[in-house]
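Across the two complexes that follow, chain A remains constant while its partner is chain B and subsequently chain C.
Presenting the complex of A and B:
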């Protein structure tokens, strides 16, 4: 500040540097306004709501402060099981996306002809709308006429040719995970492939000259080389799995027996089906605390905002 | 490569890649051929694995259904508005974050990249009140604004890295020539950002076209509903057993984004990976 004042020419008022800064701020203004209106204010309001008795019935009388009542309610409504379901779903989806995406990326990275064409073809499932993904996989997993039951029973992997997937408490989660993995893996694949291609090829060749085998090259050269991309991509995928709503809602509605009720389904149902907005907001607040803490720790450890 | 791969190994790699690709593309194939059969064929075992071109009945049903046409139109209007607003805002913000080192810049970048921590479902709990206050409920621009907010974080980030790749010396030369700050951005840097803007525009379109939750809450009146919400209502309800209809509307909903992506995939991949890979 003082520096700016010293630099300022008397007849101009503010220095060139601060004019630059002000211009920069002005350019950010539209984005900042939308962010405030659509994200920041609603989030702040939801946090406040989580401490109020805020149901459709109580809105007319005016919401009343009820301290941690909503948080007690959500634990009675099975918050711990929803948290557990969310973690299974997230670990399942991101884990599979990582393994499958990594395998395909390594294959495509092997100097093959038509790599870019393959990459684009793999990305096709990522562009299919979520609602379509839900319908399509529900049809594939259909118990009466579905192709998957037919094929699996024909090759003898399952005994019952009409096996229930989406209606079975033990299989519904697996089914939903498969649908999400199908849609999201291409994203992971493209990011990993881009990371692999940014590795200096000399390092890989040097490792080969030194007699490193494929595994050693992968764990000692390639993996460290894509550490940053991989970390950021995993974080993005974890956050998006926590958020997954469309596919779960349209395949199972959170059932059967609440086995696919993740936090995002639970928040929606509490707020809009049970019409208890305060309790829905309370689930959201714990969710943001968990994710926020995780991301902050990750940012700190990886120093991901240090590069320019 | 120092030692050449044996032809056998090369063949094995191609076979593996093609096998995996077939697994990923099969559901899309299944959707297409399902839309060309009628329900009596679809509900028959063993399933027909090959396409038949005997019936376009379900396409006729979709395109003669005024409700579907309205949903599709609504989705197009909202997605197009989202693209325009998102582009203007993210070009400004991306240029700003790339060129000016003002106080608070780092904090803004951190928030931008971490915005996904804020769940959409938690936002919509109280969005209703804000949107009612500003008369944005049941309006195209209201839903676009919400969609813009969801795609802005990555859009800004992508355009910032595209701006970073435009040499600063261009800005400085323009300044020496007496070009103002706004004109430097519009006349000098903007034309060089076309690939980046294409990537961001397609990304915003995909995001808006895919949105289900915001549309569900903001568009409560039937004539304003978007395609995903309309599809969900129809097939989770009374038409739950019309598999041919389900696959047909799936094709109709996927084709615009699929084509858009296939035409511009080069820019899209560059946009997605550009910001993340740079060291």
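Presenting the complex of A and C:
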């Protein structure tokens, strides 16, 4: 009875529905404020900076508008080749991480003796800081006293005991990719393993009863079962590879002859060595657009496949 | 006895009153000193002792030391200068001064010292930071680069002396490389040269250019890098790489390991690196028939300091005889002022420090007059990679490098 009376009362001020909405926004406000401060504002600032002559000197005197000059500068400085190298680096690292991570995850998902010990062992390289990884692999690949040259020459795989991995324009990228894959694969491994363990075992058993072999079970049951996890993990790894800086910088400084100068290295050199913050921001803006477009396309395509 | 005590007490009171009187003439002042020396374990005791000595001499001045590591000092100075918040006094590399001047963050020495005092600093070290005719930093510690020689390798190649001419230096390097391996079976090289894209690899090439009569600057002050001398130097370097006399693709730090491991006959480096070569039968000499480079530690005073007189006193104390006497009690360093040479420490130098000390007087400053010095040196290093790894034509590489340098130094 009371409820009916309340409902019959004419609306004054804000409706209950709007009160709920406002309460929801109020709850979101702290998170949104922090998000704006640490994400949206820097992005907006970077976009604005990319259209200004923004150097250390100009910070005091006041940056001046220079239209698209920063974008022209970065293309003159070889942006397209930097993008190409970034793509090679990303495809190389993520591709290898995916294949190696998948293989190890499938093994660790089996009921083998010492499985927990192996899981811990495979995770170890992920716990090592990137700078240590860079120094470690620099020493391993050192042409003068590196272990890899020593071992490979001893077993007769290479003729030159002073083979220059990091100094060779054709091998430097491969060398850096190996170091990054060694460091990053455990992340892929953990995510795939988690996905595999969440698959309903009834489906796997049903496939086995229906006579599916291991190959068919993997492609028809397990892979579709981890599709979402895999997609998100690949996206995360692609973004991580695009941003990779520490290992490349400390192993090759972008050389030899700019063969490992990816976009992150180029941005650093433009912004902090040449002190041209505007041009550095311009690379960042294009970088953001590329990744944003890529992720949007991925989401669109993956949704379509989900519906199918 | 009582009388003696009374006299001593009276004298003590008199001394205290004198000190107080001096202090009372000046209002207490606190100045900030940003440096990396106080943060490093090897130099921290010297820095602390110098600051204590300064504060004892000038009791109304308190020095607030802000310590940070070498790279962080540079970043901090740039950021603080951009915000008009520079420390009163800072320890800097002479390579950073031009960038700070671009931000109007540095007070010229002409506003702090008279001409006589400025003339007391070593000319070679001061030249690099003269911008628009004014001195912007005071030289403190010099680091002239010397030629480290592995006498065992030279002996194996048939030499019992260090090179005295450029031609002999190159020939000796070739002869050592012909040995192939050392006693441990490791490949040996004649010369160490940094060929990674880092600034120190870029300026490491300068003595080779100077040895061929070329220079970074032309006589009119413009970039004179593209010259017959530079091309000849580059061709010589390329030939040495092709012959296996120089190991390519190494950073300067790798070269230190290479030389310290007894795998190279010659290595050009700063005096501080001698500790890394204890396993080598070592002799240090001048780079023959050319000037050596010097990368020095300087002091700057903020353009916005509210206490320029006190800052000047600190700079004068640290770089002068009193500060250097304390510094040299803790560390083996090379001074940058003529008036400091009279200290017994510098009069009685022996061994490698004596050799480096002699070099300091004739060392040539790096071309640090531009805020783009580091990118310029990296451009030279990139050219060296094209020359030694890509084996590109020397003339083309020098021409391209000179164009980049001109662009960078015109900004």
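Heads up, the rule we're going with is that the second predicted complex is superposed on the first by the 256 of 308 C-alpha atoms of A that agree within 3 Å, B and C clash if a C-alpha of one lies under 4 Å from a C-alpha of the other, contacts with A are read in each partner's own complex, and residues count from 1 in each chain.
The criterion applied here is as follows: a residue touches a chain if its C-beta (ideal position, glycine included) is under 8 Å from a C-beta of that chain, and two chains touch if they have at least 3 such contacts.
None of these values were measured; they are calculated from a predicted model.
Peer 1: Answer with first, second, both or neither: which of chain B and chain C does A:93 touch in the superposed model?
Peer 2: After superposing on A, A:93 lies clear of both chain B and chain C.
Peer 1: Once the structures are superposed on A, label A:119 by its partner contacts, choosing first (chain B), second (chain C), both or neither.
Peer 2: Once the two structures are laid over each other on A, A:119 reaches chain B alone.
Peer 1: Is A:255 touching the first partner chain B, the second partner chain C, both, or neither of them?
Peer 2: Touch status of A:255: second partner only.
Peer 1: In the overlaid three-chain picture, which partner chain does A:41 touch, first (chain B) or second (chain C), both, or neither?
Peer 2: Touch status of A:41: first partner only.
Peer 1: Does chain B (first) or chain C (second) touch A:144, or do both, or does neither?
Peer 2: both
Peer 1: Comparing chain B against chain C, which has contacts with more of the residues in chain A?
Peer 2: Greater contact footprint in residues on chain A: B.
Peer 1: Considering only the touch criterion stated at the top, classify A:70 as touching first (chain B), second (chain C), both, or neither.
Peer 2: A:70 sits against neither chain B nor chain C.
Peer 1: Contacts for A:243 in the overlay, against chain B (first) and chain C (second): which applies, first, second, both or neither?
Peer 2: Once the two structures are laid over each other on A, A:243 reaches chain B alone.
Peer 1: After the superposition on A, what does A:82 contact: first (chain B), second (chain C), both or neither?
Peer 2: In the superposition, A:82 touches no partner, neither chain B nor chain C.
Peer 1: Just which bits of chain A does chain B share with chain C as contact spots?
Peer 2: In chain A, residues 142, 144-145, 253 are touched by chain B and also by chain C.
Peer 1: Where on chain A does chain C make contact in their complex?
Peer 2: Answer in residue numbers: 56-57, 59-60, 142-145, 161-162, 164, 166-169, 252-258, 269, 273-275.
Peer 1: Show which residues of chain A lie in contact with chain B when the two form their complex.
Peer 2: Per the stated touch rule, the residues are 19-21, 23-25, 27-28, 30-31, 34-35, 37-39, 41-43, 45-46, 49, 103-104, 107-108, 110-112, 116, 118-125, 127-132, 135-137, 139-140, 142, 144-145, 147, 150, 154, 182, 185-187, 190-191, 194-195, 198, 205, 208-209, 228-229, 232-233, 236, 239-240, 242-243, 245-246, 249-250, 253, 264, 267-268, 271-272, 277, 280-281, 284-285, 287-288, 291-292, 295, 299, 305, 307.
Peer 1: Show which residues of chain C lie in contact with chain A when the two form their complex.
Peer 2: Going by the criterion above, the answer is residues 78, 81-82, 84, 99, 102-104, 186-187, 195-198, 247-250, 254, 257-258, 261, 263, 371-372, 374-375, 378, 382, 385-386, 389-390.
Peer 1: Applying the document's contact rule, which stretches of chain B touch chain A when the two form their complex?
Peer 2: Contact set of chain B toward chain A: 1-3, 5, 10, 13-14, 16-17, 20-21, 24-25, 27-28, 30-31, 34, 42-47, 88-90, 92-93, 95-97, 99-100, 102-103, 105-106, 108-110, 113-127, 129-130, 134, 145-146, 148-149, 152, 156, 181-182, 185, 206, 209-210, 212-213, 217, 227-228, 231-232, 235-236, 243, 246-247, 250, 253-254, 257-258, 260-262, 265-266, 268-269, 272-273, 276-279.
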